[in-house]
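Here it is, the structure, as structure tokens.
Which chain is which? They are A, B, C, D and E, in the order written, and residues in each are numbered from 1.
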């Protein structure tokens, strides 16, 4: 298992950015320090042509610490290279810098991650819920949110 | 005031003061004609709702309404239209609480009423000699019949516009605005395209126009409006369809865009808009028949007056099939009906073939494309008429 | 190797820009449908043997053929001796993603098998007709091939099905078998056990 | 199971029908209304696909006189609630029900609308009958068009035999 | 005193109108329940006359907790939720999800199973595009086209029904295979359906493609340049409409797509007309793929030969105790398919574009073998979310009426958008 070129390039300019990496199942993955995420992604976009943010999501590994992972999937549409970038976040006040200035689609995807997991994206100007309604309390995809805890707007309460 | 009244009393023909039997008969005839036309339009509109359903069904390989029955009589689904009408009458009549109540009430009447009036000047059959007098099968033979058609056609604009205005709904308002802009624009095309036939036939009276179409170019081509004025017809047809506010000109409703001016109407009041559309189809088919398709005339069929006692087919190659006086009259009335039916079928078929315009494209087509063509057509027609009359 | 195909370019000629030629072409298509159907319709009405005029199936009187594998309303199967095939193993209840099956197991009295369903309830309204219960059943006790497709009702209660209701359809042969490879009477472990006990 | 069967508003609209003696005029009006059902399709999800299929050539809902989809609730007679109703859309459904002009009926189309179906979770309303009264339920996920037509026939039966206000 | 003082001030120069005659922008809500919004979505627009100057999109009306539901159901149970993602082409979702799980398990299907999946995907894709084009044509007023296209879709669904027993929510795959072999005569019927579909496409082509009304409503409306489309994360027919030849089936081949001969249609400008043409052409290409599959499909097993994943043959379940135990083991609560820890992302080409499943398997506290019988997290990368997120960009500065074709060409599917 050898380091892939993106990894080497990032290490050259940001030596502390990459915390871990693997390519299990053929999905090349970098685990990146959350504080340098914008720099890393800028580098990936500009030097390696990862021009499409395919997906941005989060995972809640509940009892584990750090609890949250924000997962970015990038695609180079021309050379068909894929790369996954992960950032681990702590349970208390999870927040990370927004990449909305790099990829416009990050707008909604970050809003969704906020909606579902309660992860704040610093620099996002319109941090509203995307899928649920404003009066909804809690973040349903967190593991400690019960599946059937309903908060109806009208109709019988549970 | 005094001199005027003296004048009028002096000029009044004496028979106006006396109610004679003759007058009652006249009145009866007029009422009869009005009733005949009204019933036919209303029935026609009602049946058209059924025709439309069935036609669209057949176009798309379906069956269409066929399950409603009264005591086992289904009439191929025609009974469904009856159910529709009855249901609409007993449906809750909703008035938007913040809308203009009176206008909201009046709008459907404006939409439906003028449509019937338009039919008054269209001859639906040849003159008949009955009860010892010469009866024209036409309610009103106005010298300015064509203008009458246009005038009452434009009143229908108010229906849609006021409906949109009075509903206190943004969708309805947008629909009403679109309707008024669209109908006024196409009103103009309608008028301009009719000037060609007016020049060609040299009259504005529909009855006379119909009779002018029983002439023959070089003895064998019937001088139908569509033959002497093809461009006028190609302009008139879309303009007329735009007046009916049906696809492809159904912007004012534009169901998938803004839902339309009748958004806030329910029950029979909405039904009147609906019926109005179909009545307009009948009426416009009537107008087109009269002006472009030779009215009640069948090519080479003449009655006793036109061919001095030799009613029947006179073909240009000299063949003559004699027919009875009344046979000719009935054939001509049937011909009128058949032409009407074909034109209504055509309008329906176009409706189920074409997608909808966009608002600005509609305006562009009207003002920038149809208008110049119409003007050129008028100019050319005028020159030709001038040259022919020289 | 990617083979790319550029879509055609739509350039309207001036003639096409008058709307009328395309109207004509479109009318030919719609009119062809219209007259084809109209003629066949009329032909049928006057007793000619025309082709089937339209694609419509007039539902209550005329049924569209349903695929043999169609997953419809559930039915429970019977053993040859008339007892329910179900052994209350709860596999279908476990496999059901909607949790719409409720089984109450009881000790079997005849001793050939351990358990039988005292109650087998199914809330058809919540069911998502995925067929996982059928797949999960080790005894071929539940099938979804009853052929009932008229699933309308006036209240939620009408969609509640109990054991006896589902057993009523056990002999139905409206469909062929759910699994094409199993024709005829299916012999399962329950049957084998029952045979063994009898001898 | 039992609590599922007794939903709070289920029998509201039906409690009168069947017991009240209907007059001759009720019968005639019922006949007209049942064969002229203008529908408001409140289409949200998967069931919409089968709703389309029902309306189209192979099944042709127009045969029952229920062809006109009116997208203004004022002109609609029957609201088809087609698909999952989430808590976010529920107030909209209630508004549309209130806006519909009388007389009106509601058909709950498919498992999700009827009782939440496979979606027993925080986001989904467990049956629209907790919000508005429902006249006909159709099971299936999504129901086959035949099931839909059967539901429509049941609704027509209901309309024919109920007492009508006029 | 400057020499401009004699001029009236600016305020005085502007005549003051009565309030109702002042020009105002109008706010109009389109949706959530609006005929053009197939699916429910709300577009708040600010209008100047008929022009849209500003718009905002709100989604989430069909959020029904797909991801949470998948976390709480076993690997095979979660397939029912994938059915309901893109409900127009459910089989593709089934395939995508199952292939992602299979990637995590490290298993691969025998060729016949792969061909069956390919066939199902392409039939579903035809159905998807027929619905999309038909529905947008209906919203443009061409109701007949819609009816013809749904008629065509009905034929496709007949095939799907015959294969898997359902029309819409197919459950057409299982982890490690497909539930059934093909029924008898199915392949011949496939060819018949393709013939019918091609006929319908030809008819609709006549009714729409060269029609000036249609062309003018579609052409240069909803323009999207290629770079912008990529930055917004567009995929599928919409991206190809903008001229980027990106197709997951070609670029990351799965199933048997690399063994077949077909082309990727791309557009020129990236307007609605291009998206429409790309979809029409893709249906033709799908027909070609199906024809080749029918010709090439091999015999043999359909499920992968792994007793820990695939249910045993029914004969074994009914007949012998090993089969029965295997069966129980795979279905019993807490047992089931055990997937080792790991994470994968697997993209397939859905009806609307790249449909990716990011699946995390992570042992919970009860797990002893480091495996789990249910997903820790199933993330669906919805293909139509980028397009809908971008909707304000392609409807602003057009007219209200342009929302209809643009929205139609974006082909929003509520199920996968809101999950």
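Brief remarks follow.
Quick note on the criterion: a contact is a pair of C-beta atoms (placed from the backbone, for glycine too) under 8 Å apart; a residue touches a chain by one contact, two chains touch by 3 or more.
This structure is a prediction, so every number in the text was calculated from the model and none was measured.
The chains that touch both subunit D and subunit E are A, B, C.
Farthest from subunit B, judged by the mean position of CA atoms in each chain, is A.
For the pairs A-D and C-E, the larger set of C-beta contacts lies at C-E.
Taking each chain's centre as the average of its CA atoms, subunit B and subunit C sit 52 Å apart. Computed centre separation for the pair subunit A/subunit C is 43 angstrom, with centres defined by C-alpha atoms.
Look at where the CA atoms of subunit C average out and do the same for subunit D: the two points lie 23 Å apart. Subunit B and subunit D have Cα centroids separated by 40 Å. Contact with two or more other chains is made by residues 59-63, 66, 255-256, 259, 352-354 of subunit B. Shared interface positions of subunit A, defined as residues touching 2 or more other chains, are 132-133, 140, 147.
Touching two or more other chains at once are residues 34-35, 60, 63, 65, 68-69, 80-81, 83, 144, 147, 151, 154, 169, 207, 211, 213, 251, 418 of subunit E.
Chains touching one another, given as pairs, are A-D, A-E, B-C, B-D, B-E, C-D, C-E, D-E. Residue ranges of subunit E in contact with subunit B, taken from their complex: 26, 28, 34-36, 50, 137-145, 147-148, 151, 207-208, 211, 213-214, 216-217, 399-404.
Per the touch definition, subunit A reaches subunit D in the complex via residues 132-133, 140, 145-156. Across the interface of their complex, subunit A is touched by residues 59-60, 63, 65, 67-69, 72, 103-104, 106, 227, 230-233, 244, 246, 251-252, 342-345, 347, 354, 356, 358, 360, 362, 365, 376-377, 379, 381, 385-386, 389-390, 418-419 of subunit E.
Taken in their complex, subunit C has these residues touching subunit B: 19-20, 23, 26-27, 29-31, 33-34, 37-38, 41, 54-56, 58. Residues 32-35, 38-40, 60-65, 68-69, 80-81, 83-84, 87-88, 131, 135, 146-147, 150-151, 153-154, 157, 167-169, 414-415, 418 of subunit E are the ones touching subunit D in the complex.
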